[in-house]
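Letters A, B, C, D and E mark the chains as written, and numbering starts fresh at 1 in each.
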Amino acid sequence: MPSTPLVELKNVSLAYGEGSERMVALGDATISIADGEFVAVVGPSGCGKSTLMKLVTGLLPPTSGEISVRGQRVTGPIKGVGMAFQNATLMPWRTTRDNIMLPLEVVQPHKGRLRANRAEYVARADALLASVGLGGFGDKYPWQLSGGMQQRSNVCRALIHEPQILMLDEPFGALDAFTREELWGIMQQLWLERRFTAVLVTHDLREAVYLADTVYVMSKRPGRIVKVRTVDLPRPRTLETTFTPAFVDIVHELRERIQLEHAE
Amino acid sequence: MPSTPLVELKNVSLAYGEGSERMVALGDATISIADGEFVAVVGPSGCGKSTLMKLVTGLLPPTSGEISVRGQRVTGPIKGVGMAFQNATLMPWRTTRDNIMLPLEVVQPHKGRLRANRAEYVARADALLASVGLGGFGDKYPWQLSGGMQQRSNVCRALIHEPQILMLDEPFGALDAFTREELWGIMQQLWLERRFTAVLVTHDLREAVYLADTVYVMSKRPGRIVKVRTVDLPRPRTLETTFTPAFVDIVHELRERIQLEHAE
Amino acid sequence: MTALQQRYLRFAMPWLALLVLLIMWQVACIAFDVPEIVAPRPTRVVEVIIQRWDLLLRFCMETLWTTLIGFFLAIGFGLLLGLAIGASPFVYSGLYPLLIAFNAIPKVAIVPILMIWVGIGALPAIITAFVISFFPIVVNVATGLATIEPEMRDLMRSLGASNREILMKVGIPRAMPYLFASLKVAATLAFVGSVLSETVGGNRGIGFLMLSASARNDSATTFAGLFAIAIMGIGVYAACALIEKRMTRWAFRGELVR
Amino acid sequence: MTALQQRYLRFAMPWLALLVLLIMWQVACIAFDVPEIVAPRPTRVVEVIIQRWDLLLRFCMETLWTTLIGFFLAIGFGLLLGLAIGASPFVYSGLYPLLIAFNAIPKVAIVPILMIWVGIGALPAIITAFVISFFPIVVNVATGLATIEPEMRDLMRSLGASNREILMKVGIPRAMPYLFASLKVAATLAFVGSVLSETVGGNRGIGFLMLSASARNDSATTFAGLFAIAIMGIGVYAACALIEKRMTRWAFRGELVR
Amino acid sequence: DTPVKFTLDWVFQGPTSPFLVALEKGYYKDEGLDVSMDPGQGSAGAVQRVASGAYDIGFADVNALIEYNAKNPGKEILCVFMAYDYPPFGVYALKKSGIAKPTDLVGKKLGAPVFDASFRLFPAYAKKVGIDPASVEHVNLSPQLREQSLVQGTVDFISGHYFSSILDLKARGVKEEDIVAFTYSDAGMDVYGNGIIVSPEMAEKPEVVKGFLRATAKAWKEVAADPSIGVAAAKARDPLIDDALETERLNMSLKMNVLTPYVKEHGMGDVDPERFARSVKDVADAFGLPNAPEPEKVFTNYYLPPKEDRMVAP
C-alpha cells in the first residue's frame, strides 16, 4: 500500500543541552513513512518518542542527520500537520470549542473561510466533540474538563483542519479501555476516508497494532529504532480482529522485543 | 484484613458551578475505606474519579453528604496525605529533586528535621528517583523530562514523606507496560512494608486488581458507585498472578460491569 | 462569618479604610495642632470641596479627559512596543536601555522643553500623561510575552502560524494579566503626568488649580485638588479592574484565598 | 547571519541605538538651529561631562545611594504588601484603592510637606524614592500571586501547607517574573523620586545640580545631569536584569524568539 | 487680528493683573491684537519661552534677561517696557532670631530656591551692605518650603519677592511686626525688576509691540487708580483667588515697585539710562558673568508709547 516516501529521516539524532548538560535523546534514527501510511511508534518511557515527533514536524532541528518531508528538507515547522501533543496544552482563555477551532483560525484554506462560514465550522467542531463523547462541553473552559476529556479535546484540535499529516503523542493514555477502543474505531474510520499520513506514539501495543500499517519499536534512551514491524492485517479492523491469533501474535512479538529493551 | 474505617463517605455528591452552569460530577457516593486498605477506583472518563480524590482529601467541600477521615468530619485539607494529581504539576522553578523534596519542607516531622539531615533526605530522594528509573535526573528541571518521567516524579513526590494516606490519580498512565508493571511491584512492596491506606484511580483493570484490596466501579457522570469488588488474591502478587484464572476472572468481571456503563 | 457577610465586608473595606485614614489624619491634626498651611484637616478640605464644587468639577473634567487620552495612547503604543520588545531580541536590546534611561529622568525636567515645542494647553498634558504612563505597560507586556510557555508556541508553530499569529493568539491573551497589572500603575502615572504638565504651564486642570492655590498658601484648596485627583485615580482604577475581571478571569481562577 | 553574529549584534544594539539617537539629536540641533538653552547639542553635553567630571561624580554618588536605599526599601515593603494584598481579599479591597489614590497624586505636591516633617537632606530623598517606587512592585507581586494556578495551590494544600507556606513555596517563586518586571519600572521611578526630592530642597544630588544649573541658564550642565541619571538608571536596570536572568530562567525558557 | 502669545513669569495674581485687565477690557483687541495669555514658572522660564519662539512677548525679571543675553550673544532678547522700577527683591528674617540689621546676616543660614532672583542677586546686596556673601550658608528650598522653613527655624533668613514672602509669612501666622524685611532697594541697590520682553521676530514688528505696550500702559493706569479692577480681572481668570489677599499683594507691588518717584515723574516703562547701565554691570558681577551685555542690547525705549500715556500714577 505505501508507495512514495512522504517523511524521511536519515540517521537523525538529537541532543538536548550543551556541554556537561548535553544528553542524547534520539540516536541515529532512520525512518521512511509513505504517503498515507499509518505508523505507530512504541518504546520505553523517555526514549525519545516525543522528541521524534517534534523533529518530524520541524519544531526541533536535528543535531545530525537529515529530515525531509515531501522531498523537501525540513528547516522549520512544516505545514499541514495536525499534532496532538502529549500534554494537552489547551489555552485556558478559550472555551473548549474555541480551543478546538484554533487551527481553523491559522491554517489555510479554513482561515480565509472561517469568517464567512462560521456557523458551518462551529457545527463541525461540535460534531467532532460529540464524536469523542464531549457533546455539550464546547462552552466549558479546559480547566473545567477532566483529564481524559482534555485529552480528547486535544485530539479533536489535531483533527479539525483535516491535516495531511497527523501526529498523535499518546492521545488516549488517560482514557478508559472502552472510550479508547471507541476512539480507535473513529480514528481508523477517519483514516480510511481521508488517507492522511499518521504517526502515533503509544504505550498500548494493541492500539499500535490495531491502527498502524507499520510499528516502529524504539530502544531505551538514546532511542534508536530497533525493530520495524509491518502489520498486514486487513482493514477495517474491528475489536474482533484484536482477538484473532494473527493480531495477538504481532502484539506478542512487539511485546517481546520491548521486554528485551527492558531487561537490558 | 480491613478493620476500622479510616475514610468514610456517606451519600456524598458534588456539583461544580452554579445556576445554569451547574453540573453534578459525583452523585451520591458511599464508600468506606479501612485503615491500611488499598482501594482502586475505576470508571469511564469524566465520571468524577479525580473529583472523588479531591473530596476525600478535603480539597473540595462536598455539595451534600458527609466525609470523615479518622472519625473526624472533613472540613478542610486533611493531614498526612500523599497525593499524585492527574496532571503532574511539578514546579518549573525547582529541579526534579527539589520538586520531590517539597513535601519534606512542608510536612512534619520531616520539615523540622530537613535542615539538619539534608544529606540523608537528599539520598532518600535520589534513591526513590532511582527506583522509578530516574536515577541521575535529579538535577534536571521538570520541563527537561519526558511525559512519563514527569509522571514518575509526580509519584515520587507523593511517596517521599511516607504518608499514611496515599492518593494516586492515574499515576502510570503515560508509561509503557514494562515500566508500569515494574512500578506495580515497587508500589506493592512499599504497601506491604508500610501498610498505608491507598486510593488508586486507574483505567487499567489489571493494575487495579494487581494492587487493590477493593475495587470500586463508578458509573458514567454523574458518577455513582455501581460495583464494589473485593480482591482476595494472596499477597504479594506477582506478574505471574496476573495470568492466574482467579485474577483474569476478576478483571473480566470488572470489565463487563464497566462495559455495561458504556453500552447504556 | 458567612460568605454573604464576607462579601459585604469586602465591599465596605475600601470605605472603612478611607474613613479610618481620614479620622486618623483629623485626630493627628488636632493632637499635634498642625497648622492648616502644612496639612489642613480633612473636614476643612471637605468643606472646601463642597463650597467650590462646581469649580473643582470643571477643573477635574479638564484633567480627566487629557489624562484619559494620554492613558489610551499609552495603552495603544505601550502594547505595540511591548509586543515588539517581547517578540524581537533586537528591539529588546536596542530599545529597552533607552527606555529605561528616558524613564529614570524626572519628567519635570523635560516638560518645559516639551512646552516650548508644542505650546501650552491640553496637548503637552496629554503627551506628558502618555510619556510617563506607557513605560510600565511596555515592560509588563514584554514580560508577559517573554514568559509564554514554549508548549503553546510549539503548538502554534506546528500549525504553521506566523510570528504575528503566535503573538495575536497566544502572546496577547497570555500577556493580559500582566497588561492589566501595568494599567493600574499606568493609570496613576497618567494622572501624575497630566497634573504635572498643568502645573508647569497653562491655566487648565487640577494642576493649575493646585499651583494657583499653593501660590497663595491656600492649602485647603490644594488638598481639595489632591483629593480630586485621588478620587479620579480610583475611578479609572475601578474601570480597569472591572475590565480585568471580565477579560482575564481564566488567569485568576486560582486566587490564593477566595 | 550566524548565531555568533546575532549575539554580537545584540550586545551592540543598545550602543547603536544610543548613537543613532545622539546623532539624530545633534543633527536636529544644527539643522533647526535650536538655541542651547532649549536643548544643547550632545557634543556640548559630553564636553561638560568631561570638564566637570569630578563634580558630576560626587553629585551622582549622593543621588545613587539615596535612590538605592529607597529602592531596596521599596522592594522589601512592596514584596510584603504585595503578598498581603495578593493573599488576602480584605487587605486587597481595603488597601488597593487607597494605594491607587495615593499614587495618582503627583509627589511634587507632597514632598514639601514631607520635608516640613522630616527635614531636608538625604532622608526625604530616600522616602520619596521609596514611596514613588513601591507601588508598581506591590501591584505586580499581587497580580503574580493572584494568578497562581489552582493546581499548585491544591498540591500544597494537600500536603497540609499553611497559607504562609503556600505563599513562600509557590506564591513568591510564581510572582518572581512579575516582580522583576516591576523592578525595571520601580528602579526608574526611584530615580525620579530622589531627584525630585533633591530639587525641592537641600543642596545635594543631581537634582540640586540640575536645578541650580538651570537657574543659571546653564542648560548644558542640566542636560549633563539628565545624562547622568539616565546612565545610573541603565546601570540599576542592568543589575536587575542580570539577577532576573539568574532567578527566573524557568519562566523565560520559552522566549518567543530565541 | 495679529495673534500674540504672551507668557507671565508666574501665576495670575494681583501684580500681574493689568495684563488681564487689558485683555478683558479689549484694549489689545482695540490695537488689532489677538492676545493669548499663559502663566509661567519663573522668569528664567519666561525668557526661555520667548527666546525659543514659543511665545512672542513675556513678562520677566530683567536681571534674568541680562544673564541670558550675556550668555547668548547675537541672540539677545529685548526688554521694551520696564514695569518694576524698583525691584521686589529682599531678604526676610524673624525678629526673634536677633537679626536686626543687614550686617547681622553674617554667618547665618539662607533658605531660598536656587532660581530665586533675590537669592541670585544676594552677593551684590551683601557687598552693598558690607558683608561677605561667602559667609552665608545657602540651603536650596522650593518656594513652597521657603517661608515654612523660616517659621520652623530650619533657616535663619530667606530671600524672595517682597510681596510673596511677606504675605506668605503672614499666612503662616507670623505677625507683620515680627518680620524683619530688608529690601534691596532700601540698601540703595538700584537694579530694575520685571519688564516686558519681546522675541526677535516680534521686535521686527514695531506696530504690534507698540500696540501691546499702549494697551498695557492704559490698563496699568486704571489698575493703579483702582486696584479692585485688577483683582476682579485676575479673579475672572482664576476664580479661586482670594480678593483681600490679592488686593494687598497688588497694593504692595504698586507702592513698592511700580509707583516710584521716578515713575511718578517720568512715567512708567522707561529706564534711567545711567542707572540701567550701572545695574547691568552690577548684575553681571553678581551672577559672575564674564562680560556684561551692552545696556542697549537689553533694554530699548523705542517701542514705548508717548510719555503722557505712561503717566500711570493717580
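Please note the rule applied: contacts are C-beta pairs under 8 Å (C-beta built on N, C-alpha and C of every residue); 3 or more make two chains touch, one makes a residue touch a chain.
What you are looking at is a predicted structure, and each value in this text was computed from that prediction instead of being measured.
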With one step meaning two chains touch, work out the least steps from chain B to chain C. 2
Any chain in contact with chain B as well as chain D: none
Degree value of the rotation bringing chain A onto chain B, based on Cα positions, nearest 5: 180
Which two chains have the most contacts between them? C-D
Interchain centroid distance [CA atoms averaged], chain A/chain E, Å: 84
Centre distance in Å when chain C and chain E are each reduced to the mean of their C-alpha atoms: 38
Of all residues in chain B, which are in touch with two or more distinct other chains? 87, 143
The positions of chain C in contact with two or more other chains are 38, 116, 149-152, 214, 251, 253
Show the residues in chain E shared as contacts by 2 or more other chains, in ascending order. 48, 52, 144, 148
Interchain contacts, given as pairs of chains that touch: A-B, A-C, B-D, C-D, C-E, D-E
Write out the stretch or stretches of chain D touching chain B in their complex. 149, 151-152, 154-161, 165, 169-170, 173, 176, 248, 250-251, 253
In their shared complex, at which residues does chain B touch chain A? 16-17, 42-46, 48-50, 86-87, 133, 144-149, 152, 169-170, 173-180, 182, 203, 205, 255, 258-259, 261-262
Parts of chain C lying in touch with chain E, wherever the complex brings them together: 35, 37-38, 52, 55, 112, 115-117, 119-120, 200-203, 208-209, 211-218, 221
Using the touch rule from the top, collect the residues of chain E that touch chain C in their complex. 5, 10-13, 38-41, 45, 48-49, 52, 54, 143-144, 148, 167-168, 171-173, 237-242, 245-246
The answer for chain E against chain D in the complex is residues 44, 47-48, 51-52, 64, 67-68, 71-72, 75, 113-115, 120, 138-142, 144-145, 148-149, 152, 154, 287
